[in-house]
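Across the two complexes that follow, subunit A remains constant while its partner is subunit B and subsequently subunit C.
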Partner chain A sequence: MSVHDFWTPFALEPFINALIIGLSLASIWLVAALGLTIIYGTMGVINMAHGEFIMLGAYSAWVMQFFIGIPWLLCLPLSFFIVGGFGWLVERGLIRHLYDRPLDTLLATWGVSLVLVQSVRLIFGGEPQYIDVPDELSTVMNLGFIHIPWMRIFIFFVSLGLVAMTLAILFKTNMGIQIRAVMQNKEMAASFGINSKRVYGLAFAFGAGLAGISGAMFSGLKTIFPDMGLGYVVEAFLVVVTGGGEVLGSLATAGIMGELFSVFSYFTNDTFGRFVLFVLIVIFLRFRPQGIFTPSMARR
Partner chain B sequence: MQLSLEDVTSYYGKTPILQNIDLGVAEGHCLAVLGRNGVGKTTLVRTIMGLTTRMTGRLSIAGEDATHKETHERSSAGVGFIPQGRGILPKFSVRENILLGTFARHDQKRAIPDMCLELFPYLAENLDKRAGQLSGGQQQQLSIARALATDPKILLLDEPTEGIQPNIVQEIEATIHRLNQEVGLTLVLTEQHIKIARELAHEFVIMDRGRIVVQGPIAELTDELVEEHLTI
Partner chain C sequence: MRRVNLYHDKRAQWAVYVVFFGILAIIPLSMDDPFTMNQYSRYGVFAMLALSVSLVWGFGGILSLGQGIAFGMAAYGMGATMQMQYQDPVNDPIPSFMLTNELEVLPTIWEPFWHTHLGLILAIGIPVLFFVIFGILMFQARIAGAFVAIMTLAMLGAWYNMAYDMQPYTAGFNGISPPSAFVAFGVEVDPYSNLIYWVSLGVLCVLTLATKALLQTKFGTIVQAIRDDPERARFLGYNVAYYQIVLFALAGLIAALAGLVWVMITQFVSPTSLDIFFSITMVIWAAVGGRMSLFGAIFGAMFINAAQSYVGDEFQATWFIILGAVFIIVVRFAPKGLAGLFEYVFGFIPYRVRGTSGARGDAHSASE
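The block that comes next holds the complex of A and B.
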């Protein structure tokens, strides 16, 4: 392969299309990472089952549509509550007993992920499943030289909506002030009447619910299969770690990562683009391990 | 008794830090907890707040058994906490820090009580300022205001004058005196400054190696006792 084959020369129109795809990728990574951000930021729990929560959201949507006939758009909020409820049970039954033991939490959630994948494979089989989305979202928007599927536009705006909702809950509600207090200082929060166990349970359920709604949304973009969570969780973890476990950090990081990947992929290819992106993240974390916005003293 | 501890032993991990503590504080009284560094004063306050790993013995708050209550329940039972180092949440605004205290209130009022703003005019004028930007003395005022927002019956003050400028120390002392004498709050005060303890307290205990070695009315805190147990 010659250098000429490897390197794509710059051309304005395809480059702008690449930037738009970068935004779309960013929104997918952001929504996949949002629940993980809440769980890690609030509780310091590295939830290895997050990808499988996304998978559960996708299967919830599929089951609701295939067996009950619920329209896909209605499946999205319902998946939030189904996976959120499941997350609440996992927190009550397992995670709650392992706080302050991060390695055990990591192993336990990894165990949950294995159980979920195998359970879904046993119940529904390993073959890919498909979901019907509204016809309007199956077409492509053509705006001059810009071509982008409506589904990606939909995901982009729903992602922004979910971020706005999360920020509103965190900064405009009593539950939000309790969550942020526990994030900063669990002992102090408890010393002022806040039941940190209850806050942890709700935060875990909320994070799981966000994973559920993102999985249901991704089911409209790609096929559904038991291992699908792996395809999202690596980027989700990178977004959370680089973003410092904060919602605004994740928002910025997902945007930067999506655009960098898209630009590198445009000039070279997807594999090399991913390679360069991961190398840049490793270098960034070498010098700012606390994340993009977090002051160094506040590092976990 | 507004607060009583009977044969309390308290642990960090499996290690007992406080042993066989018996004490009581009458309603409206101020108890000074004295002792050299590392004798268990802060652990005593943290034990009352439920912040040690576990405790044995019996603890009661306002006549009710609180031995098995968790920290947030003790706060709701009427214990306000002003921790060593102030414990303010630096990313929160002044307003949010004070509102945090209201989560312990039974009346569910999520508004800053008038008394907090009246006692500390600087805080009233800077409610939207980030708490991390306040000076040490202002942070201590905020810590007291936050504890008052819980609508407490008992205030635990752990070294409230530590690391504060001398001119601000007098203000803090005057505020504590007012809370005890005018508002009628019961106080447990750990303090290194003997002069402040003598001015504020009705009773005292002296601790050594996790145990109470002397206790009595503050008038009985003689220079000989200070020399024997508190001088470095």
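The block that comes next holds the complex of A and C.
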């Protein structure tokens, strides 16, 4: 890159293309952030190992396909349960003891992420792995000047589906009502007979499971390697924190962030676009630390 | 007569610092290995970074994951200064990486680095100024806790991308490697010599003792009060934001000086100095050693890095698993780290002092 071609002038067709890329990117960030939203929104835990949960999802999909031969589409729900179970164990063994020390959960989960990355590197090696996806998904959709891989369209709709599922679970099931009760007031919920420890454990497991399914899905889009989590986790955090820890907040934030990033990147380039986006978020959080929508829950 | 914990005796603490730095200072006399000296001076820089984390997080309660911002900015400033020392104003005024990036004239932001003194002032001044502005942005809005961590992390990520992307100015991924050693006041600071070790240790020593002294003043007490309960400190009439901003900037200053010395040692600066992983690793050093003890944090940084290079590259993956596990255990069971362990053990040693003054209310003891 030289300095002279830094600024790309506006042109309609590439710009529309950029907007569509932004939507696709937003859906990826959304699905990466969804599990984190549950975990942060419910218990106020900043889970630094979330990127590694995503990585575990991708690796479990790869292992299931490579060693057992399970088709990729079936790997998605299975990864949900595998990583969800793992998340449940992490909550039981570690997070549970740190709820009254929110900064320490951030650090402890960073330790977890360090251990996970290196363990996976030790077991499966550091080289990138590839996964076979159904042929229909590996082609590109052509609409004149717009070229989108079907995989990205698939991820877009699955991410919306996951959001709908999460909302349904939160608002239509008993478990979801309990989660929201604990979210709003833990002590009050406990006095109504809700086992808040169990709710926390399940909410964490659910959040981890969502990371698992997103990881399995990303494995179809990109290569799998031990450090892949770091590529998602920072953006996922920004989505969650800017969205105020609520599912709809994350949905809105992911959309706005994806589009802004894509538009900035169109006019300049990827890295500078990211710089502008990060700075904008820091400035936004300065004025609205509670997030884009005012949350209904008590902040811990 | 009053029974106290020897760990909290101020005079004992100062004695430990004097002995510690005294022993470190005479190490080069007993060995003459330039490569080991280079290695040890690196540990000195890591210790400075742990010191800055300990100050801002352990004593100020501000978990900054962005200490790398100051470190990296200063490192780039120092890299530019050293690069321009090598360049010749007449025959060879433009660094070679700029020529390969199609720059025909020296960019304006590089001009001041012709002058070594100005370059050094900028290398320190810009990061500190940035931390002041960033601190005002955050602490005026009463942002605290995990939000500070996330915001500093995002800012760090932004600067990392910037350093990566502005290739004509920063040499991008490859980084700047000034070909010659730093020359100050006519003295060449050879990165493979005893001198570099003493420079690194000297800066570390001065910073540590100054921080220690600062924490024993009224300022230090107020800062710790804010850490323990910002709301109460505010009700007592203290301007919490002011103290947090100053503390944040001071931690930035320490990290910036670390970045400066780092480039003297390595003659190399790249976006890795702004890496997120690196900045969180600093927090691990301070946490394992003991974030509420300056000495603990320094020791943690030195010990962990010495152990890491002892283990070697071959078992790097295993090493990080152990480090991660140790970190989890420390956070879970011993939030005060090794220093907290010492505090606990020293509590069993019978030790008495006359009167009530002199052995009370030290920085280390003020926590809970």
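What we mean here is this: the second predicted complex is superposed on the first by the 290 of 300 C-alpha atoms of A that agree within 3 Å, B and C clash if a C-alpha of one lies under 4 Å from a C-alpha of the other, contacts with A are read in each partner's own complex, and residues count from 1 in each chain.
By definition in this document, a contact is a pair of C-beta atoms (placed from the backbone, for glycine too) under 8 Å apart; a residue touches a chain by one contact, two chains touch by 3 or more.
None of the values given here were measured: they were computed from a predicted structure.
After alignment on the shared subunit A, the placement of subunit B and subunit C results in a side-by-side fit free of clashes.
In the superposition on chain A, A:A189 makes contact with subunit B only, not with subunit C.
Figure note: vertex subunit A, arms to subunit B and subunit C, all at CA centres after fitting on chain A; angle 90 degrees, rounded to a multiple of 10.
In the superposed model, A:N269 lies in contact with subunit C only, and not with subunit B. Touching more residues of subunit A than its counterpart among subunit B and subunit C is C.
By the touch criterion stated above, A:K222 is placed in contact with neither subunit B nor subunit C. With both structures placed on the common chain, the touch criterion links A:R180 to subunit B but leaves subunit C unconnected.
In the superposed model, A:R92 lies in contact with neither subunit B nor subunit C. After superposing the two complexes on their shared chain, the closest approach between C-alpha atoms of subunit B and subunit C is 12 Å. By the touch criterion given at the top, residues 1-4, 44, 46, 94, 97-98, 101-104, 106-108, 110-115, 117-119, 121-122, 230, 234, 237-238, 241, 269, 271-272, 274-275, 278-279, 281-283, 285-287, 289 of subunit A touch subunit C in their complex. Within the complex formed with subunit A, the subunit C residues making contact are 63, 101-103, 137-138, 141, 143, 145-147, 149-151, 153-155, 157-159, 161-162, 164-165, 167-168, 276-277, 280, 283-284, 287, 317-318, 320-321, 323-325, 327-328, 331-332, 335.
Residues 174, 177-178, 180-181, 184-185, 187-196, 298 of subunit A are the ones that touch subunit B when the two sit in their complex. Listed in rising order, the residues of subunit B touching subunit A in the complex are 49-51, 70-72, 75-76, 81, 83, 87, 89-92, 96, 99-101, 103-105, 110, 146, 150.
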